[in-house]
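Read from first to last, the chains carry the letters A, B, C and D; within each, the first residue is number 1.
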Amino acid sequence: MSGSTLGTLFCVTNFGESHGPAIGCVIDGCPPGLALSEADIQHDLDRRRPGTSRHVTQRREADAVQILSGVFEGLTTGTPIALLIANTDQRSGDYADLLDTFRPGHADYAYWRKYGHRDPRGGGRASARLTAPTVAAGAVAKKWLREQYGTTFAGWMAQLGPIAIPFVDEAQIAHNPFFAPNAGVVPELEAHMDALRRAGDSCGARVNVVARGMPAGLGEPLYDRIDADIAYVMMGLNAVKGVEIGAGFRCVTQKGSEHGDELTPQGFRSNHAGGMLGGVSTGQDLVVSIAVKPTSSIRLPRASIDRAGNPTVVQTLGRHDPCVGIRAVPIAEALLAIVVMDHALRQRAQCADVRHAVPPIPGSVGGA
Amino acid sequence: MSGSTLGTLFCVTNFGESHGPAIGCVIDGCPPGLALSEADIQHDLDRRRPGTSRHVTQRREADAVQILSGVFEGLTTGTPIALLIANTDQRSGDYADLLDTFRPGHADYAYWRKYGHRDPRGGGRASARLTAPTVAAGAVAKKWLREQYGTTFAGWMAQLGPIAIPFVDEAQIAHNPFFAPNAGVVPELEAHMDALRRAGDSCGARVNVVARGMPAGLGEPLYDRIDADIAYVMMGLNAVKGVEIGAGFRCVTQKGSEHGDELTPQGFRSNHAGGMLGGVSTGQDLVVSIAVKPTSSIRLPRASIDRAGNPTVVQTLGRHDPCVGIRAVPIAEALLAIVVMDHALRQRAQCADVRHAVPPIPGSVGGA
Amino acid sequence: MSGSTLGTLFCVTNFGESHGPAIGCVIDGCPPGLALSEADIQHDLDRRRPGTSRHVTQRREADAVQILSGVFEGLTTGTPIALLIANTDQRSGDYADLLDTFRPGHADYAYWRKYGHRDPRGGGRASARLTAPTVAAGAVAKKWLREQYGTTFAGWMAQLGPIAIPFVDEAQIAHNPFFAPNAGVVPELEAHMDALRRAGDSCGARVNVVARGMPAGLGEPLYDRIDADIAYVMMGLNAVKGVEIGAGFRCVTQKGSEHGDELTPQGFRSNHAGGMLGGVSTGQDLVVSIAVKPTSSIRLPRASIDRAGNPTVVQTLGRHDPCVGIRAVPIAEALLAIVVMDHALRQRAQCADVRHAVPPIPGSVGGA
Amino acid sequence: MSGSTLGTLFCVTNFGESHGPAIGCVIDGCPPGLALSEADIQHDLDRRRPGTSRHVTQRREADAVQILSGVFEGLTTGTPIALLIANTDQRSGDYADLLDTFRPGHADYAYWRKYGHRDPRGGGRASARLTAPTVAAGAVAKKWLREQYGTTFAGWMAQLGPIAIPFVDEAQIAHNPFFAPNAGVVPELEAHMDALRRAGDSCGARVNVVARGMPAGLGEPLYDRIDADIAYVMMGLNAVKGVEIGAGFRCVTQKGSEHGDELTPQGFRSNHAGGMLGGVSTGQDLVVSIAVKPTSSIRLPRASIDRAGNPTVVQTLGRHDPCVGIRAVPIAEALLAIVVMDHALRQRAQCADVRHAVPPIPGSVGGA
């Protein structure tokens, strides 16, 4: 309940700081009997890992995950799965002079008012590094959901700063450092990022993420709606300032006769709802889009104050992602998977006995 | 934990359906000693109430709240506050022919797949009527926060369908049926709504809500961030498809040198963050914006299927809001207040001893 | 989370005070499709009801329950079931002079230190009257468990003050006002209670409760063990000061070779474990015993202090149970049922896929 | 929520198995600014550690704790404190032949029915070894409570098998391997244990634990009562079959005129309540007593069955505690401290503003 545990039944408790000895998480509530090894988790960690291209932070972390518990003879036992990831490339010196200064756009000031005391090294608890255990937990959820329901997850870069990225082909996502579903736009993205880096500035991004092969019926009607829980995890991802489901903000200018997705015996005619109605999944794809703010740590000088309240100027010279939106892609996938996993368990808790004479509606005939 | 309880320490458990005998909620965890009567709650209920203008549903509900427990001699006792609101104007007949049909854009199909069995009268549990107890609980939170910290809440219509509503004056919000902070635009809004109603169609809306006089330090760093919890409650509000905090989706095209709010001894220079950094409130205004989809219940015919999977056509002739976004305004305020209240209690649980030699930064010098 | 909600997935949120307009609860998470009417609940409420014999409080309450939500056409819908019980026989005058005095053995002093402000009428929130909604919720759990697994619950008086009550026949429990499984001892119990009442004193009791036809596998290994949760609900029942499972305190003087229940192909040879090992149900009967303290409200004068700290003398002349242990019987059954229900849902959430080639061990061959 | 997390605001999430690489826990919600090092925790771990005398298991574990996160420059930061304890003396071979057999009195059978798959090495997740992280977390709670309120904790052996241990002097507890508050009885205890060990059998125990210097007002009235939460943690301790608070089962034969603790301006005259009334602490000492069953792992042959349902005989030759009650003493202290800590935080969340003109009642004048 104290803010570092995610989920009701598939519970992920996160610990660690950017520059401590290790980070990790404890997954409680995973069903028993799932084949699981470090290799099942490492793939997604490697997608999120720093240092994989010149467009992300140059911190070098292997992010090698170790399973400490909860797996016996290659199968989950149903007891807590503890995952440990060592920190190996801390350079606390980079941050020593920031101890007394609040970096604009960072958690520094807010943490200080909250706790009175904080670990400033690498952002401490506020570091995006803490998303690594989340990605690891998401890999476990993804594997179970794929095996249980055939549900799969995909995320991609939809816009990087001013550059919108038309969706061309999901197969291309894995073949460029931007998670762009469009090989053609990659040179433009590279040029943009190189220029930003030279300028000492950063940019925002829009990331899309979908779940396919969704079971219908997941989500609670009133407060723990699946859309609410998705918004919760997505807005909780570092640097996210906006979340859309389905038509998102486009629904403001839609009419009811346009927005409401018609049903036919062949399936839904569209998916403006983004796969959820009344807080409950319909079986259509879940469709989510998030806005990621530009990295706050930039080389350009910024006005700030110190702990005594005096004016100062901040320039951040450490290793940083010029666009944190890039590495947000696998993290957003993981968060979506954790929400779906949690609601899948909740659903079978309450409704395992529900039977229908009529099969679910066929897959959506319209895209997002 | 089962989906109808909101909050960790200030807990609101909601019950009821649109056409049952009554709806209500139980507030658990309210501090003792707060002066509280039905009158303190009724004002916000009246703002949300149906039938107050021709632009909202013509259902006639007094929405008179009764306090069943938790108050003794005019003061809260610290024990559960049960609030009851009778349903008085049900017309189940309006919906009888919809029992076997799934209305496009409604929860009907999703509920049926989830539960196998549902109350179709007035939308049952999916009815926006269930937001009334939330508004009542929000009124309690608002009162406590105002007395404890001077925190206040305001919400308004920012865009109604295609009509953007420039913010002119908060004082005007209470004086038109659209919660518009701009008297000048009201005739245009009325004409738009009248035309929609004649056409049997509906429209979406954008609603803004702010909290002012915020204590700094509220929110947990990793998962239960205050921005995450705000997104959770807002996306969980019926018909909401998008949530923004601060700059929201505008941050996609902002640079870091533009987005990050600079600090000066006189205060923050801007509030792109929307009052939260690293998931923790900074003391600036909380600034939230939501997208509300167009009402799904419209008179225009829509393709659908019945429970047997056969094609059918749905026309909804009952009493409905042509723009559910209008009545979303007081609800969004209430939800924001509940989140702030919950985090205020959590904060003093963990950090009641934190003392600072330096006062908080002065109020933001930039607006939302 | 705030203390008035019981359960993780089958959640019961309780509200009300002894002398307010009504008491009740909201059950969230009940599976859909359960046939449920007020009559299914009323039977257990009537067993707990005051005024049914001269040996319990003479307060006259019909304790008629009303279902406000969550049931449609006679079946649960899966949404919150709100239950309301009106208070009809309040006599607040009985307690007016106790406003400033702390009754020995009562919550008065503790509540005052906690909240600063309390409702003294009839004990307010501390009244055993608040167990009525718990009993109602337990009736729902019992019905579902009986239909789903064949699990049944029974409770009885095992000792009343100094009088141990040998277990003779469960069928006799319903036919005497003491829930004694032994008709022969009833005259002695009546004489004892009559003498106590004349003396203005009260006595304690030991109550036993069992669950039969238990599914194996319920309970979590480390903290949310089923024995832990049973102890939690039982010790939380008003006036309970001790809880035993299986052999209970007798295990202190047992040897391992005596206590550990041997297994045979025909079943367990004994049930010292009380149906749980490692926090998980084995399929044997759950066997629980509780100690209920003597009623604190007695006519005999007792030393106390008032709110100003001055010495005073308290005599309680209102209507009270001379042995609260009597009415504890149906309450303890209800609490056990709620715990089993909650863990049954948790179990199928996590382990619905677990299959065994070998059937469960046959029912225990030894008794408690 | 999934069974391995203890507490609402001071949350301890436990992980690990007896024979995995490591065990540990994550403490979330600890207030910031508490001076904390491994040394503060190690003392209690050493009291619980195996191999410290011939009367406990001869497994040799240093149980050296490592703080992985949540402490910066010697002070807690308010973020999760991860504690890691390596397993160094696993001898899995000891247990290899038990893979297919259910040991009487052990979790083996129940786990198998629950999960279908289990780690049998050293009892896996059911091992008492998993109490080490609980003890570590309890040490943090104890330190904070001592500094904040002056609250202290003590536990001792009250009865070992048939030998009752009269309380003589708390100072003697630390000076014998039985945690006996009575040096005179130690030779008898040693002789008893030596004989048991030679016989290949085991015995039960009664352990008492108290909290002194308690703040009044901790605990929630109805369900999350402090007595309920204490019973929950104590019954959840491996091998515990009974829990008493204050007079415990003695209250069955007490009269109301004897049990109810009278109040005077000088303090309570007795403490039959064990420091709690109506689920809320009164400021008197918390007084708890538990029954610990005899160790199930004994050398004497026991009837059982294997996974195929065939009869077999089990003899346990590994390293075991002949009386698990001995090492339960520091664990019970830790559990009590965690409950008090959690409720202390909950109390200041809800009631931080409550002020009294009259000081609390003076410390109890009567003992337990």
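Methods note: contacts are C-beta pairs under 8 Å (C-beta built on N, C-alpha and C of every residue); 3 or more make two chains touch, one makes a residue touch a chain.
Please read these numbers as outputs of a predicted model, since none were measured by experiment.
K.L.:
Tell me which chain's centre, taken as the mean of its C-alpha atoms, is farthest from chain B.
P.N.:
D
K.L.:
State the pair with the higher C-beta contact count; candidates are C-D and A-C.
P.N.:
Output for the comparison: C-D.
K.L.:
Whole-Å distance, chain A centre to chain D centre, using C-alpha means?
P.N.:
The answer is 39 Å.
K.L.:
What's the distance between the Cα centroids of chain C and chain D, rounded to whole Å?
P.N.:
Chain centroid spacing, chain C to chain D, equals 25 Å.
K.L.:
How many angstrom lie between the centres of chain A and chain C, each centre taken as the mean Cα position?
P.N.:
Chain centres of chain A and chain C, defined by C-alpha means, are spaced 45 Å apart.
K.L.:
For chain C, what residues touch not just one other chain but two or more?
P.N.:
Expected reply: 1-5, 8-9, 14, 29, 32-33, 78-79, 114-116, 125, 221-222, 346, 350-351, 354.
K.L.:
Per the contact definition, I'd like the list of chain A residues that touch chain D in the complex.
P.N.:
1-5, 7-11, 13-17, 20-24, 26, 28-29, 32-33, 66, 68-70, 72, 75-82, 114-119, 124-125
K.L.:
Where on chain C does chain D make contact in their complex?
P.N.:
Touching chain D: residues 1-6, 8, 14, 102-116, 125-126, 130, 159, 161-162, 196, 201-206, 216-225, 227-236, 238, 240-265, 269, 272-274, 276-283, 291-298, 300, 302-305, 307-311, 346-347, 350-351, 354-356, 358-361 of chain C.
K.L.:
Which residues, counting only chain A, touch chain C once they are in their complex?
P.N.:
Touching chain C from chain A are residues 1, 8-9, 29-33, 78-79, 148, 221-222, 345-346, 348-354.
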